[in-house]
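Two complexes come next, and they have one chain in common, chain A, joined by chain B in the first and chain C in the second.
Here is the complex of A and B:
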């Protein structure tokens, strides 16, 4: 049987002023009816570009298809009129529903647009069909959703709206470009389930682009692995995961946090020691809106959080977006003012002796940020950045600075000659290492890392996590590791703190919490992590709150 | 409908703003050199007559007492009498509002008529000949001063072609409409240069935005993508730019009104300044300020109506 969609030898190049770079190099892959094909690869591997090329929506005029064919049921569509194919036969949903939904048009009108264009429906008939579709993708009150704008919904509901808009055109194929990357794990599980349901109900064929092997393992039938514009391996899911043939696939599989058992997290004995951080009943509230002649409302980001961290501990703070984990980190660092409670660092209270506590914090605690590019000064080389910190700190004699920079770069596994480079000419992983080197430059006893691997590819993630493990083990560093990814925390931290709605709802040794969570919310979070083992079912992703959102 | 609640609240918030404006106009007018009493009585007035007048008008009181009198009179709808026209300032302003308003409306309408199609043409052919032409013309539009442009338009359309009246305001509605075309065009030619640039930039960003990509991916024809998704999103920031410029325009109609002899507020202001008619200067300045505040208020309402995300 010929596949529904047949891509053969597809090549795309970038043509600049006087250079020509291949971006896709002879890709051959097929998609059968009712099949879910997982397209996996790291950023820049060309997986999104491949789908854009199929849709005839290359993102720049400098990109050209130079060879190959794309056939839809035997018909060549590369040179066909795409108006009748886009949306109608091949639909597409995107990573960031917020930016892809028209902010000034109601969700309903965006659905009706497709209904009118491709199915000739208008007026009440279109409206009825649109409301029905919104119900199908899981809106509890489809009629209300019809006349709402996208910004009224949460990220997960926005993605559902995008799916409804795509389904309105009744496509045979749906291309889903990282549809869950921007979502919390529990919401991710719900959206993935919805996609699988739609496949079963409508016989939809799906190309699912993702960087997460766990996601494909849970949802796809076949997997295609891309790297640097080439398809390195394609095959049936189980066979491919069980025995990856290409070395790159093997590396990807090994890097997946749910699999990489690099041994238990580092342990130490510090039971008797004085706590390094003592957080007592911490409250942080932000003013929300309000203004002249209008009452201010307050958003309580932290509601009485108490936490004590002993020297040398590795603590993972996990929670979904909006749970208050970053606020906790920023408040501990003195970057955000608490509205109640206290943080005591090394015996000094941030409330009553702020100046002294801040001084101690600045010299002993360093922070690593989420975005490796934007947290480094783009005009300074890595060496200049490090030298600045060393000069400010003043412990290293002036002529010892170059040697110290070399040491720091060694410590984070960067080659010494990268000191002369600026962030722009470094990869994401190299930038994050430079960020860590900057944090280490002050000889801190504590590192607070806020989502510092979230923006990195899995293989790089694994390297950074290994680096942190090594630093914690060798230098007895105390680590506060904030992440939404529970699997990484399980590998790195001996203790895990689960936050939810500004409160700590669970706090205990990682092995304990992951094996026997005491709260339903924690259990739902853990169950929703896409496991790389295809036979372990994906959790429903339902927690008490999002059940509420789906029900009201 | 709580997004529109600010329409009720905003006038309250405007009270302190108006207070500030009244203080500034009051003080500024008093900074003008010269004694109002002397102006009132002429150069040959006796010192005792001047003293009498000063006492009568409260000019000997401290300035804050004078301000309180000013406020009290303002509350009673009195802004004093014009020395030149011998009538109440408020009534004088009322007769001059209509031509200025007509001029501003004509200017803005013509601006949109010019700016929207040109911005669209330019954005959709970015980097090609049409785009370059629009950009050169709009840069040139910014460079021509209004008085020169106005005179050139009169020379071409009124003197050479005899299509439109040279100047004045006219009696009937249709006459007035004809009289507003050239002054409106004068305003529009420079204002549309600014608006075209802003719209063009918004449209170009919109054409490569995710919203446009998503619309194309569901098979929408390029025209639909542009007019239904790109344009509505590009218009939102331009509304505020237009409001700022209208505010500036209201105070700046002086030049255009002089060139075309339109009996509006700008012309009144210029004459009042030259004849030291302080009460009129003060009243017109207050009217200009109020109009600017109101324009911004209207722009805010329009923004809320155009962009469902905005809350005031």
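Here is the complex of A and C:
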């Protein structure tokens, strides 16, 4: 059987002023009818670029296709008029539905646009078709959704709307570029299910671009692994995951958090010790809207959270976006003011002895942030950043600072000569290591890490998690690790705290919570993690909340 | 500090940017002329010669002479000193004040921000020139008054520009990181936030210099800035307006000088915007 889409020997180069760099190097891969092909690789591997080249949408004029063919049902489309193919025969959806939906046009009109352009439908016929499509992608009230704007919907619903828009033209192929990366796990599970249903119902062929092997293991038929512009391995999902041939694929499989049981979380023996952090009935509310002479509404981000952390513990705080986990971190760091309750750090209350508590916090607790590039001052070199912290902290004598910087860089596994580089010239992983080095420069006893691996590629994630594990074991650091990724928390933390709508709904040893969650929400959260084992199917991704959301 | 840290890549890139090279060449040319004025100028700029009134351009007087018999070429050359000074000083004080106020307003927010922003609204509520003129009228005519008036009126645009930048920057992770490391507010404001906020203002400085230059010329034209017989381009245009039908050269050459210098500033400004835009 000839494949529906046949990419042969496709090469793309970047032509700069005096250099030429290959970005795609002789890619050959096919996509059969009704097949889901997973395109896996880390950032910069060329997986998105491949799809853009197929669509004739190269992101820069400096990029040129230098060789190879792309055939759609035997017809060469590389040099064809893409207007008749783009959208009509190959549809595309993106990572961030918010920025790819027109904010001032109703969802329905955006679907009708495609219907009019490609299928000549207009008026009531287009409307009927659009409402039908909205129903197919899972909108509970398609007619109401038709006349709503994108901002009325949650991220998952927006992604559904994007899929409906792409489907409007009845494409034969759907290219989905990281469609679930920006979504919570339970929503991710729903969207992946939707894609599979659409394949079954409409015979749609799908190219699913993702960095998460778990996602492809759950949804795809075949997997293509890309690295540095080359296709390193293509194969049937089970065969490839069971026996990866290429060393890079083996590394990817090994880095996947759901499998990498590199050891149990570090143990500690400070059970009887005085709690380091004692959070009592903490409440935080933010004013929402309101304004001059208008009453403010309050958003209650934390609704009475109590938590105590003993020295040497590694605590994972998990929850979906909006659950209040970042607010909790910022409040116990004294960066956000609490509106009720209290945080006691090392015996000092942040409410009644704020100055003393802040002083202790600043010298003993350090933070690591989510976006590695954004969390370092772009105008300072790594060395300057570390030197500033050391000088400010004042424990290191002035002439000992360069040596201490070297030590810190060694500790986080960075080359010493990177001290002279600015964040922009470092990779994401290097930046995050620099961020950890800055946290360690304080010589802290506690590190609060807020989603600090979420923006990193899986292999880098695994390295950073290993670094944290090592630091926790060797230096007895207390770790508060905030993440939405439960698999990472399970590997790194001995205790897990689950947050939902500003409350702690579950708190216990990781092994216990993951094996026997006491709350339905926690169970749904765990079931929604895409496992790398294709035979452990994805949960439905439905929590009570999602059902509520679907119903409204 | 921000300019310094940029200087290396800047130097490397100037060659590849004809706009920037040309703008800098024009500005450099004017600076050279200002410095060398005593050596180049063939005549004393304020020396009157009753026998050489209103002479058209010739070999002796390349730009002709004015109604007092003064050499227009020499006056334009000497005028470069005053006009460059106006462009630089007229921008520096507003820039410094505006940057300070904008940083404080953006960083502290709340009532500090509200108060400072209302002050800015008050300044903006008056037409720019009217406000300038009333301040100069109170202080008495002269260049010093002009600089003071500029500083009092011109800072608002810088303050708004910087405040907007600081508002964005202060919620970024590196600023939160600095706070979580216990750095002082001053340090966070001026060491972490400000250097990252300056790029936009530095570009604006260039286009603002053009406006200040034209303002200076207008104020002098109205008789409130530089006083005769000192050679300044705006004064020269003003003085010669009565003779424009008989002696076009007296107004044309200082006018051309103003336009050329302004062009140099705006070329440099545009090219810098380009460069920093790429950089950000």
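The working rule: the second predicted complex is superposed on the first by the 552 of 552 C-alpha atoms of A that agree within 3 Å, B and C clash if a C-alpha of one lies under 4 Å from a C-alpha of the other, contacts with A are read in each partner's own complex, and residues count from 1 in each chain.
The rule is simple: a residue touches a chain if its C-beta (ideal position, glycine included) is under 8 Å from a C-beta of that chain, and two chains touch if they have at least 3 such contacts.
Since we're looking at a predicted model, the values are computed, not measured.
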item: Touching partner for A:72 - first (chain B), second (chain C), both, neither; value: neither
item: Chain B versus chain C as contact partner of A:332, first or second or both or neither; value: neither
item: Touching partner for A:84 - first (chain B), second (chain C), both, neither; value: first
item: Contacts of A:456 with chain B and chain C, given as first, second, both or neither; value: neither
item: Residue contacts with chain A in the superposition, chain B compared against chain C; value: B
item: Touching partner for A:151 - first (chain B), second (chain C), both, neither; value: first
item: Contact set on chain C toward chain A in their complex; value: 2, 5, 172-174, 176-183, 187, 191-192, 195-196
item: Chain B-touching residues of chain A, taken from the complex the two chains share; value: 55, 57, 59, 82-88, 91-92, 94, 96, 99-105, 113-114, 117-118, 149, 151, 162, 165-166, 168-169, 289, 292-294
item: Residues of chain B touching chain A in the complex; value: 9, 12-13, 208-211, 213-221, 224, 228-229, 232-233, 236, 306-309, 311
item: Contact footprint of chain C on chain A as seen in their complex; value: 330, 333, 335, 358-359, 361-363, 365-367, 369-371, 374-379, 388-389, 392-393, 435, 438, 442
